[in-house]
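Quick one: this structure, given as structure tokens, is what I'll be asking you about.
Labels run A, B, C and D following the written order; every chain starts at residue 1.
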Amino acid sequence: MQLLYITLALFLLVNLAAGMWRVLRGPGVADRMLAAQLFGTTAVAILLLLAEAAGSNALRDAALVFALLAAVTAVAFVKRAWSMQEERDVD
Amino acid sequence: MIDFFSILLLLAGALFFLAGTVGLLRFPDLYTRLHALTKADNVGLGLMIAGLALQAESLSAAGKLVLIWGLVLLAGASVAYLIARGALLRGVLPWKR
Amino acid sequence: MNIPMIYALLGITLFSVGLYGLIVREHLLRKILALNIMGSGIFLVLVALGKRSVGDLPDPVPHAMVITGIVVAVSATALALTLMLKLVEVSGSAVLHDAPKERS
Amino acid sequence: MEAIDIALGLFDLLLVFLLLWLAWLVMSSEDLFKAIVLFVAFGLLMALVWVRLEAPDIALAEAAIGAGLTGALLMAALDRLNAVKPMPAAAVVTSAKREQPSLPSKVLPLVALVLIVLGLGYALLSLPDVADGLVPNVKEQMAQSGVKNPVTAVLLNFRGYDTLLEMVVLLLALLSVWSLGGVRKLSPRNTNPVLASLCRVLVPVLILVSCYLLWVGADAPGGAFQAGSVLGAAGVLLLLSGWHVEQKILLWPLRFILVLGSGVFIIIAAVLFFTQGGLLTYPVAQAGWLILLLESAATLSIGATLAALFFGGIPKSRVDQ
């Protein structure tokens, strides 16, 4: 089981690395933010897998905090950083 | 027996995560990507959590896992709505074939 | 070469990348990001070196220092961002110029 | 070499590579918003590094701050930056006036960067492989500390004066922000029902998690800083959703909470100085609850300070008296 947890965590990290492409490519600001959201969910899963592998309860708390805080960043994005003259940064 | 179901659920979860990432990379516009990510990833996380909860040492540990999933679902759904609505208000057009 | 050492080396590399950005990039927001990356690098070195102890638990003293460090870093970032906004308000530019006379 | 070690090694290598790549991209990407999103991702991955280095206490703090609060802070600052500077023409002029950097000024910092990495790397590798640091001292004193989590023991007991001064640093940062930022009105009430219902669920959960982390910090990873950061995040969420606060609460009650942490710390330190003969030398029997008292006060102050730092000015109710 240990091996499966670690391998899956590695697999999810690879997934996350692939999602990086969308952050870099955009094209809009919302696309970048969306990819960051993917990182949040994936990181929660990785943390839970590592927690199970290490038998550590504290890491589950960290995953809980992650799940809560990812929403705060996203709301900050929608309410603040997303200016009304959007879709200017097409590169 | 429990191990078998755990492994099955974990692998299924990983598959959904993969699908979510593929959707994020391949789909043509913001709304379809939003759809891919929010649904696939949250189901993937749910399956993984179900697999891990089977292995949990106590009921409270399993409960915490389920709580995490509930929170991710709630936050994911709300944020997806906020982003999609914001994009519409800002005039991002949905993709057409 | 053990795992903590790899992370310690990552720490010094991050520190240097941050330092490079701090020197080369002009926009103040970027400089603030650079300082944060430098800070993360230093934290990494501290914790990775604390893992060299023989016992079962890593050295808790660097851990405690890093936790306070993270909180201080976020408050310093908030202060730096406010300073930057004030500067932009006064001078109209988020870039530090060489000499005050250049400000038109 | 077992398969599990190989998998872990690959995980570490990929993590190291991703962090380096992200740090480089944060520094080199042209778009500021992109840099901020990349920096948030950087903070997220840092939390995974802390897990790999067996530092769950730090992972918790980083999860709350690096992946949450810092991103919110940076985005709010970017928003205000665009708001105060709506004249791109001036910016274009200044950037056009500045001549292209010469080749040496581009290459020299890179050379310096490589030299610094090599020098520091050499210094790191020449350190002894095994060093106990302060582990024996901590182990020896743990029984007298009043808590079971060594990190909390270091923070609140062995090096309590560090934490005391850190509370003062936070307060100073907020005072500086307030003196620079001026008076700002709270943002208008939010009319979005989804955001409102998200807040109604998330804020109580954040407060509950904060209490949990504070309580569990005595014998497991957690404690005042993590709890305070989560509480601060609750405050940020409320501010973002247009929370209505009465002016009379923003005046004295807010200031009272902001100084509560430092105040309780200083009072306890002074009392102990005269009764025990040393700053923050707790009597062994009372250490446990004294630490809990200090941590509770510190949590409230840290949470309020972080939320106020996010707000970035002296808060004023949007309804004029």
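We adopt the following convention: contacts are C-beta pairs under 8 Å (C-beta built on N, C-alpha and C of every residue); 3 or more make two chains touch, one makes a residue touch a chain.
Bear in mind that the values here come from a model prediction, so they are computed numbers and not experimental data.
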Identity of the chain that, by mean CA position, is farthest from chain B: C
By number of C-beta contact pairs, the top two chains: C-D
Centre distance in Å when chain B and chain D are each reduced to the mean of their C-alpha atoms: 28
Centroid spacing, where centroids are CA-atom means, of chain A and chain C in whole angstrom: 22
Rounded Å distance, chain B centre to chain C centre (Cα mean): 33
For chain A paired with chain B, centre-to-centre distance based on mean C-alpha positions, whole Å: 11
Residues within chain B bordering two or more other chains: 71, 75, 78, 82
Set of chain D residues in contact with two or more other chains: 8, 36, 52, 57, 69, 78, 195, 198, 202, 205, 226
Which pairs of chains touch, using the document's own definition: A-B, A-D, B-D, C-D
Chain D residues touching chain A - in the complex, by the definition given at the top: 3-4, 7-8, 10-11, 14-15, 18, 21-22, 25, 29-31, 33-34, 36-38, 40-41, 44-45, 47-48, 51-52, 56-57, 59-60, 63-64, 67-69, 71-72, 75-76, 78-79, 82, 195, 198, 202, 205-206, 209, 212-213, 216, 220-222, 226, 230, 233, 236-237, 240-241
Complex interface listing, chain B residues touching chain A: 3, 6-7, 10-11, 13-14, 17-18, 20-21, 24-25, 30, 33-34, 37, 41-42, 44-45, 48-49, 52, 55, 57, 61, 64-65, 67-68, 71-72, 75-76, 78-79, 82-83, 86-87, 90-92
Of all residues in chain C, those that touch chain D in their complex: 2-10, 12-21, 23-25, 27, 29-30, 32-34, 36-37, 40, 43-45, 47-55, 57-68, 70-72, 74-79, 81-86, 88-89, 92-95
Touching residues on chain D, where the partner in the complex is chain B: 192, 194-195, 197-198, 201-202, 205
Partner chain C, residues of chain D touching it in the complex: 8-9, 12-13, 16, 19-20, 23-24, 26-28, 32, 35-36, 39, 42, 46, 49-50, 52-55, 57-58, 61-62, 65-66, 69-70, 73-74, 77-78, 80-81, 84-85, 87, 90-91, 94, 106, 109-110, 112-113, 116-117, 120-121, 124-125, 127-135, 138-139, 150-151, 153-155, 159, 162-163, 166, 169-170, 173-174, 176-177, 180-181, 223, 225-226, 228-229, 302, 305-306, 309-310, 312
